[in-house]
Every structure is written in structure tokens, then in C-alpha cells.
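After this come two complexes, each holding subunit A, first together with subunit B and then together with subunit C.
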Partner chain A sequence: MSNMDSRFLTAATFLRRRAAWGLWAALGLAISSGCSTSVEPPQFRTNIQDILDAMDSHSPDEFRVTGREADEDDKATKEANIKKLELLSTLTYAAFGSPDEPYVFPEAQWNAEEKKGLDLKKITMAAGPTQGFAKPKREGLKKKQLGLFRQHCAHCHGVTGDGAGPTAAFLNPQPRDYRRGIFKFKSTEFVAKPTAADLKRTLVDGIPGTAMPSFALLPGDEIEALVEYVKYLSIRGETERNMAFDLLIQDEEIEPTRSAVLETYLQPIIDSWAEAEEAVIRPSERPETSTPEELAASIEEGRKLFFNKDAQCTKCHGPTGLGDGNDGSPADKRLFDVWNEKKQAGDMARWLLPKQELRPRNLRLGIYRGGRRPLDIYRRIHAGISGTPMPGAGPAPGKKETFTPEQIWRLVDYVRSLPYESASEPAEGETHVAAHTPSN
Partner chain B sequence: MNPKWQVPDLVAAMLLLATLAGCGRSVAMVAEPEPNPQLVDEIRKGGGEAAEEEQTAEAAPSAEPAGWGNLKGRFVYEGGAPAREAIDTSKDPVCTQHPVFNESIVVGDDGGLKDVVIYLASKKVPVNPEYEATADATVVLDNKHCRFEPHVLVMRTSQTIELHNSDPASHNSAISPLGDAPFNPLIASGQKADHHFNKQQNAPIPVTCNIHPWMRGYVLPRDNPYAAVTGDDGSFEIKDLPAGTWEFQVWQEAARFLAAKPEWKKGKFKLEIKPGDNDLGVIQVPASLFKK
Partner chain C sequence: MGKVWSLLFLLVPVLGIGLFVWAPSNGYWLPRDISKHGWQIDHLFNFILVLTGLVFAATEVVLFWFLWRYDAKTNRAPVKYTHGSHNLEVVWTILPAATLLFIAIYQMNAWADVKMRKPKDMAPTVEVTARQFEWRLRYPGPDGKLGTPDDIHHVNDLHIPVDEEILVQLESMDVLHDFFLPNLRIKQDAVPGMSIPVWFRATDVGTYDLVCAELCGWGHYKMKGRLTIESRASFDQWLEKMGAEEQATQEPAAAESEDSE
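Moving on to the complex of A and B:
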């Protein structure tokens, strides 16, 4: 019996080893044949989603080579669309290169005198494949690429900076999609771009209450390289988006020349980034609140303004500042930011990321995404938050102020006192949100 | 552990599976367009500039048309008027004084479909000198009784849009045009805010008030003045169009690009405008075109 057993086991072992060899052989075959595409360098993803959204199109078939066609007209439109997409891709590639080979037209490169343009040296430093877990080698590297963006940022923000990296689907709020050129937390007016210092601050401090961590431990030159790379991805994305809009939505023609791309598309965006410095909100001096009495009076005045019909703060932030002011609204009247408003719920395949509702800030937590300094909160109230329903109460081009700087400072004092105020009864005339019942 | 499988075998199997899975290309909605490397080189070298200059020289200003014509027509909703949904405005007591209804489909007693937008989609169109007087006029979009008045506004990019607030409480008016600067001012009672559009849009874009989230209006800035919105009875008129064959676009809030006739693909149709009056007649719009 034992003989039989041992013979049987030997055979089994033999077979098992053969099977193992087979597996190893199959693995080798798979690597050598089918997957040659996986070693190709990554490319930026064309922004087809925004084009479809802008076209109010419900069918990506309009761009798909193998998609359905109703008739000859449809076929012709589709072929024209695909040609336009190829031109869009060529123009964008010519102006910006690829994740491994970033490029900037000489005219668009950093000009120290005019203080504008893109610094290709810094961009190159942040570009390229990640150097792994080892400390990036700084010497002898090809083109001095440290792969910083792909090491630190791309898993959330995506290689393209479209905010759709592999981790993005699990995050709330979703990572910023840079391609609209819109950033929420900045020191500048509503329509203005952020300054380099604003982006740097976001990188160094992170964004409290979100998945954005602090990168304070990175060396200063790496932070600066990443700031420039974010700017590069944003300018690339906005240029592509505007060209796509003209080519595919407005049916305009774009000459495939450097001057056409530069003058009509790239230069105005480069200029808008350079103008950010002048758009920084510098409020008049904060009213004196050094004694407890002065502060209490200021908070009381801010409280009155908060519940004022001119401010309307409670409609979103809630009658007690819990951020629940819009909770009773039906599903289609919820709040969304510009990155989410066009998405349809539950349609993952089309939008890469699910539709995400925007929660007005709970002002009682003491967590402020754009910074907790009085000045930060002043800027949020003055300019509003770009890309969101939060409107600006200060003066804007074409509009007089809703609140004076002094009134905004009072509001700041009240908002900053909210985490320490006991959850009071709502002010007179305000109904608590619990009175509404969600009607979905 | 099962003696038949040892760690290296398992690792090999897992690697194999992972590799095979990795080979499957991700489900792409649309194939990534490939850049043309030759053209990329040419653009970077700055080639093709001369050719462009020639073309600019060739582009002559649009010739004077043979005459000017008016276009009119009337959109009628086929089937009974849908019941109008009243909106719960109790969120803000200021808004409860006047009833507010959903305005995505508004049908008059006589079946006329209100707020259909019809506009000239063709480019480089000669503009009648009559329109010069109003080229830099101010058009008003009012926040009144917690809705936008008018619900759909057409304007020229050369004009100024003035957002008013006739209500006793603040409104905000958020606009995010494509390829143009966004705008979102807080407008207190009696205040107003001016805005300029730098670019025309191919379809009306929403104007929303987030303080009162049911509030939704539309604005369509265009480079030429040839756009109209149907009135209460569903009729419209575009005046002083240049004679010739032009392409028109039709849009309605609930249907988006409105293919009111089967041959109007994506709401577009070509029409020859003759000097004098042109009449599209009554256009029956089937109820099936609207999203419920």
C-alpha cells in the first residue's frame, strides 16, 4: 500500500511540476506576444466627454468608427467628426507634446521680463515615468525627468490632469479636473486664474476635509516643478477644450499652423494666468476687534447679515450653518459643481466618474478647504467659489458690491465663531430643514 | 495548504491572469484619435504660415445679398397640453407669494409651443443695416417672482446682458458658457449686474439661481442677430434675413435640438430665404420628442 502511495505521489509531483512549467511557459508567451502595447509610453487622453456634453449629444456613436449609422448623412457627419478629432489631437500634441515628452512653443515659454509663460525646465522635471520608491536620482537622468507628477499626483488626478486617475472613483470630493482652468481655492477674483502661490499653498498645506494631502516634505524645487506642471496640464486642457469647442461644436476651421494655435487659443490662456497676480483680492483693513466686547459686537452684526435676505447664506448653508440648507430639495434640484452638472446619475461608462452632489460647507466643523485664516474666508465671501454655486458678494466687473468690505469682515467673524456657538434655534422667519421632507 | 499547489505555482497563475487581464484594452467610449506626426513637426517648425496669409487675403467680405426677407412660423404641440407641474417654493417665504411652474414645456391654450428657439446656424452671414442701431444695446434678464423673465433670452455677443433682481430677496445668477468666462454674482434686491459674452454659443446655455434651485433660465448669445424665441402662441418671426439658402437650428428646453420634422436632423434644416415674406407655416411637434 505504502509503495503504491509513494508511487502515486511521485507521479502527482511530476505532473504538478509539469503543470507549473506549463504555467511559466504560458506566462512567458503572454508577456512576449499579446502585451507589447503595455510598454508604450502613456499619452494624454483627448477630452471627448466635454465635447459630447457641449453637443448635447446622447450618443458617442457620432465619433465611433464602428458605431451605428442611420444613413449616408450620418456616415458623412461621423467621418467629418473623426477627422476633426484627429486634427484636434494633432494640434494639441504639437503644442504640448506627451507625458514623457512635454513641449511648449518657444513663444509660450517662460519670459522672465513679462513674468508669463510656461517654464519647460520645471515641467520636464515633473514629467516622465516615476522613478519608483527610490529617492529620485537627480544626476545623469535623461532630460532630468524625476517623474514627480506620476509619482505623487497621477493616481488621483490622472496622467492627463482630468481628475480621473484610478483612485478618483473612490473619493468625495472628486480630484480636481484641471482642464477647465477653474480652481476653487485661490486668492483671486471669481473669473481669474489662481496665482502660483495659491497652487503652491494647496500642495504644501493640502486641502483640509478632502483626500488632498500635504506635500510639505518634498524639496522646494520639486514643489515648484509640480506647480508648473499643474499649470501646464491646465493650460493644455483649456487650450484643447477651446479648440474642440470651435472645431466640433461651432464648426469653425483651425489652420494647422503654430500662429493659429498660439494667437487664438494658447496666448490668451497664458495671459490669463499671468494676470492672476493683479486679480488678487486685497481687502481694506479688518475692523478692530481686539477686546472681547468688540469681537462679540462684530459677531452679532455678522450674525444679522448671515440671516439677511440680501445674503441668503442659509439657503445652502442651512439655518444653523450645518450645510443642510438645500437638503429638502428633490433630486434634480440638488447642487452640483460645473464638473458634475452635466453628468447623468448612474452612467459611469460615459463620464468616467459618477455624478457627485455638492455639499455646501458645514460651517460648524471649523474645517475650511480654502484655508482658515480670516483673509481666506473673506476671499470666499467676496469672490464666491469658482466652478460652484457659491456666488460672490463683493464687487465684480459689471456689478456693484452686495456687501461692503466692513460687512464681509463682520460675516467672517460670525462664520469663524460658528464652531464655538451652541447649535441655536434658527433665526426668526427661518424654518429648519427638518420641516421639509425629501420628496424623491 | 493543498500540497498540489505550491507558492511559485500560485504566483505564476496569478501573474498569468493579471497579464491576460491587462491585455484587454480598457473599454474606450471612442477610439483615441492619433496625432499626425508629420503635421506636428510642421506646426512646431512654424510651417504653413505663408499659406495661411494667402487664404486670409482671399477671404472677401460677404457680398451684398439680393434682398432681405422675413421668416415666420408657428410651433404647435401635437396632443393635449401636458399638465403644468407646480413647484414647491416654500424654501424661501419670499417666493411663495406667486405660484411658480416648471417651464421646460409650456403649451398655450391653442396648442402653441412657447420658448422654442430658432436661429441662423450658417456662418459669415450678411447683416441688415437695420440691426446696427441695436448692436450694443442692453438686454435685460430679470429675476422676478423667483423665476427668470424671460425664460429664454436670445441676444448678440455685441450686446450687454443686464441681470436684474426685482424680488425682495437676493438671487445669484450662475452662467458657465463653454469656452468663455464663467459668471456668478450675488444680486441683492433692486441691484443689477452687467455681463459681456466673448463667444457665441451653439445652443442656449442655462442660467441658474442656486439659492432657489428650481430657477432655471436660458440665454443664447450669437454673433449675428438672426435668432427668435416663440411667444405664448408658439409663433416667431425673424426679420430682415439676407436672401439666399441658409441653415437654421431649432432648440427647445426639454427636447434640446428639436427635430420637429423627420428631415430636421438634430434640429437643423436648410431653407432658401426669398426677398419678402417667407412662411414655415404651422409646425406640428410630436409629444414623443420630449423627455418626460
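Moving on to the complex of A and C:
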């Protein structure tokens, strides 16, 4: 190089002189940080929260390393509990496998005659790692894993189906935690499980007003695989939860045999899912509302029923249906769903997601999470919404009905008319044409 | 060594233009155009591509020539310094400016056709509301008016009758999205707070893509819809079926038997 005036050190000279190898090494290191061949497959997360919460009579320190001097009794209890947790893990793994390798006891697998059980083939299809850029070969899908759940669902619902995936923290409402076996939007009675058709409908339609999207564009067999996998995660979660309660709270023994787990814990849950079909709400014939006068009269009657003292719709939904009935004072009037109500302010580190308050639905938006058909709204009123303080007004075992089916239909007409009626001047028997309603 | 670099620089236009020559006949080109007015967009695209391609080739060849001719190892002539040429600078300012002005005026008609010449007195065929991360659709029901209780609501599955002028009212429920129909050469941002008309006419039946073309969040990449173009009769039938399903007061019999497996 000519002209080596030391005042003008050129770039090339710099690179040659000043530890250029260091820069190259740094660059190489930075690039190689993305290359990692051995990645741990994800594992299911044990449902520790419910256990800890139920153990509020015990010291939570039993599961944590404490700074204080633990006495011999404490230590023994802690070791015993840790052993029980290990047993719980083992039993659950033996009964259900892992996210990459799902398993179902042969006795609990799908039985086409009894219409009971879990279809392992479909579950396997939805299980496993995402396929990334590889186009998975779909022929001969026997043992083929397409990673459907992890690709489409796990980032919100979590690999365990606990509703606490990475994106869940940003959502209101929070994604469903399947592990209690409670689902909000279904066609069955309050205490019953959803049918497969209900889960399929949720997947295909999505839930408007929430972050749950519509998967209508997925092929039919993939949707069915996902439905089965959700069912699998729910059954797994409920089985684990029941076993955990018996082991750790009730201090019972569980024989580490397949028949013990199957008969005492798994089979009842499988049965309850199979019984969901019988609990489907099939309403009676809807009263005639084909003429505008009949419809207006029906809406008027629905309005009166909305203010009925026994049903107390306005207590939460408010006199204008805006969802402002419960003004949140005093503090004990605040509403929570079953997944949030137990969370204590002082113990937030234990819970996967922050405590989220429930707001009664604003009925004037025209956004219906459980579906907008008259049938869906009938079912919401008849059975309430499982897992929430929304009660059912129709007949249920052990409960007298608040409204007759005909009255529920009137309420359905009223509710469906609300988005088209001005909140500030509710018209007497007249409905406006909405110039613009935010479409669902 | 210097001459090698010149040749490497020459490879850029050679490979670049070669790629553009090879691509169309191997399936890597514009999506199939099934709209009545899409040809204007494609024509502008091709015109600008050829124009810029010629300028590109010329510039690159000149660059190569200078690198080759004045390579330091072979060119021993003393350097000549210049204070620049005013004439040259005028020429290479006026020419590009004139070209750009030409393009700006040349495309005005295409722009007006797509964005300004809204069909008069036409009721919207469908109202599309973009939402993170789906396309919510609202068709007017049997009464023909949007915003009444008999409207038909759907998600992601957009149906359109063929060979008819279509008007879409585009809205957004939350953030910016973009209603992009590649096969109809339609692209319009959905702006929260605005209701933007989009019109087109499809000339062929089939299933095509509807994608979001404005970054709207983590799910932008999968905010896809399906565009189904079908005959008017088929479309009416579909709409009626969706309308009936939406007004259902009993569990539909077909769904029951299908799902009780």
C-alpha cells in the first residue's frame, strides 16, 4: 500500500493491523448462536397452582426452600410432598405421555359403538413439533405428526393447555385453561361437558370479541384432530388435578397401577365427556314472530322479562344492557370467572397469569362470543355460562326454572334487538335501522 | 486482479436480467389476473420494468466499462482532474425528471379507475371489517340493506358473484390492515375510523387468496382469507344457506348426524 501517512490509516490497514481476527470471530460467534441441534422437547407443566391454593391451611413453604431453620417435621413433610409430586408426574406421564409422544390407555381409546374415549390417531396427528418450512407429507397419516396444536394453538393456550402460553399475558379475555374440563360456549347444560361439535364450532367460527381466531380455512381432518387434542388435554388436566387433590390434600394413596388410575380417575371423566351428547339443550319450538307486529310484541315482552326480579338480568347487564349493572363497589361485588376467582393478590408469583376481572357483556354491541344464532342465545340464557357468574334461567337438575321456554324465546328476541336500538332513548316497541353497527 | 472485479460487477446485470428473463416461463411471475381492470396494473408494471431495466442495463454496462478501462494495474496514464460539466449535469437531471413526470401522468388513469371512479348508486355487496387476525364479513340480508337484523355474518370465507360489478365497504375494527386480493389486483388499506369503498369485477370463477398487506401484529403473516368467485345462482344459494343457518332456532339436522361419530 502506498502513502502510509500515519494520520490517514485506511480501512484496509486497520483491518490488517488491529485484531481483525477478533471481529471475524465475533461475527462468526453471533451467527452461530442461532445454530443449535439439541433442543429440549417441551414437556407438560404440572398444575401446581390449584394444589397450592387448596393447601392454604398448610404452609406454602413446604414446596419452597426457606431461609429459616426448618424443623424435622417440616422437612419430613416437604420430602413426603415432593415424593407425592413425583408420583403424580409419573402417573400422569404413564397415562397420557408427553407433548411429542401422546398416549392413551387402550381402555380409554375411542370406541365407535359406545361413542366414548379418545381417538389416539387424531391426537397423534395434532401432537408433535411444528413442521416449520417443511411441507409435511400427508399421505398415510397413521403415525404422522403434523404439529397442529403447537403451530396453531400453543402460543396462547400453552403446550399443556393451561391457557398460559407466551402470548396469553397480553390478552383480555385470557385463553381457555382446559385443565378443569369447564368450557364456556357449548350447547349442553351448565354442568355438562361440551360435545365434539361444540369444540369444532368454536374452532371454525372463532370467538368474536376475543383473540380466538376462526380456523375455518383448515382442512376438515385437521380441525377434527385439533378438537380431539383439546379434549385430550382437558381430560389429562382434569385427571391430574383430581389425582393431585387426593394425593396431596386428602393424603390418600394411589396405587401406581393402570387399573387404579383408570377406574378411579380416568374413566369417570371419559364417561362424562361421552354423556355430553345427552345434555345438549334442544329448545322447544320458537313462537311465531314472522310479522313485524308479532316481533315487536315479542321484544316488548322480552324487555319486561329482562327487568324481572327473579332473574335479575339488570343486576349485571344494567338497565340498558350495556354491562354496567355491577358498578364494582363495594369490592366484594366484583365478578370473576372460575379460573380467576381463587387468585389472591398476595400470591401472584404462584399464578401463571394476572388476575383478570370479568365484565358483564355489553349486549348492545352485536358481538356474541358464543354464537349469534337465536339458538345460541337461547342456550346462554337457558343454561348460563359455565365457569362464570352468568346463571341459567331454564330448568336444571335440582333447580326450579326461572323462565319458561317461551319466555326465554321472548328474551332472545329482546337481546337480539338491542344492537339496533338506541341506548339513550329506547324506543317503545319500535326498532331503528342501525346506520352503522360495529359488525361482529 | 482489478479486471476480475470488473467482470464480477458485470455479473450483476447479467445474472439480474437473466433471472427476469427466466422467471416468467417458470412460474415465478405475477399471479393470475382474473379482473376486468387488472390489465392496467400489469401494463404499468411491465412498462416501468422495461424502462428501468434498460436504464439499469445501460448504467451497469457503463460502470463495467469504467472499471475495466481504467483499472489501476493496466492504466498508467496520469489522472486528469475536472471541475465537472455543467451541461452533463443539466442533461442527467432533466432526462430522469422528464421520465418520472411522464410516468406520473401516464398512470393517472389507472389510479383513477381503481380509487376514484366509484360506481354510482350502488349498494355494497359486502362489508369487510378487518380485525386482528381475521376478516369479518357482513352481507346484506334479504332486505338488501346493511345494518339491519337480517344481515348475514361470516368470517374469512369471502364469496363473490362472477361477472358483476362488486362494491366492498372496507373497515377496520382495531389497527391498520390491508385488503389485498392478488388475483384481482386490488389492494386497499383498512383504516380504523374510515369506511373505504373498494370496487372490482371478477371475470372467472375459482378459489383465490385474500391476504393482509399491512403489518398489524404478531398474526399478520397468517391473516388469510379465502376468496371464492362463483356464479350468481351459486352465490345466492350460498348466501341463503348462511342466512338460514344464522337464524337457526334448532340444531341443524345435517350437523347433528355428521358430528355424532
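Everything below uses one rule, namely that the second predicted complex is superposed on the first by the 358 of 440 C-alpha atoms of A that agree within 3 Å, B and C clash if a C-alpha of one lies under 4 Å from a C-alpha of the other, contacts with A are read in each partner's own complex, and residues count from 1 in each chain.
Throughout what follows, contacts are C-beta pairs under 8 Å (C-beta built on N, C-alpha and C of every residue); 3 or more make two chains touch, one makes a residue touch a chain.
Please read all numbers here as calculations on a predicted model, not as lab measurements.
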Quick check on the superposed pair: does A:386 touch subunit B, subunit C, both, or neither? Answer first, second, both or neither.
first
Applying the touch criterion given at the start, work out whether A:400 contacts subunit B, subunit C, both or neither, answering first, second, both or neither.
first
Using the touch definition from the top, say if A:312 reaches subunit B (first), subunit C (second), both or neither.
first
By residue count, which of the two partners contacts subunit A more extensively, subunit B or subunit C?
B
Touch check for A:208: first (subunit B), second (subunit C), both, or neither?
second
Which partner does A:378 contact after superposing on A: first (subunit B), second (subunit C), both, neither?
second
With both complexes superposed on chain A, which partner does A:286 reach: first (subunit B), second (subunit C), both or neither?
second
Name the contact category of A:48: first (subunit B only), second (subunit C only), both, or neither.
first
Dual-contact residues of subunit A (subunit B, subunit C) 431, 436, 439
Can you check the complex and tell me which residues of subunit C touch subunit A?
127, 129, 132-134, 136, 138, 145, 147-149, 151, 153, 155-157, 171, 173, 195, 218-219, 224-226, 245-251, 255-256, 259-261
Touching subunit C in the complex, subunit A uses residues 112, 115, 167, 187, 195-197, 200, 205-206, 208, 211, 213-214, 216-217, 277, 280, 282-283, 285-286, 372-375, 378, 416-417, 420, 431, 433-440
Complex interface listing, subunit B residues touching subunit A:
4-6, 8-9, 12-13, 15-16, 19-20, 22-23, 25, 27, 29-36, 39-40, 42-49, 51-52, 55, 88, 90-94, 123, 168-172, 174, 176, 178-179, 181-189, 191-196, 200, 202-203, 208, 210-214, 256-257, 265
Of all residues in subunit A, which touch subunit B in the complex?
12, 16, 19-20, 23-24, 26-27, 30-31, 34-35, 37-38, 43, 45-46, 48-49, 54-56, 60, 63-65, 73, 82, 85-86, 88-95, 103, 105, 182, 190-191, 241-242, 245-246, 249-252, 255-261, 309-312, 315-316, 326, 328-329, 333-335, 338, 349-350, 384, 386-387, 389-393, 396-400, 402, 429, 431, 436, 439
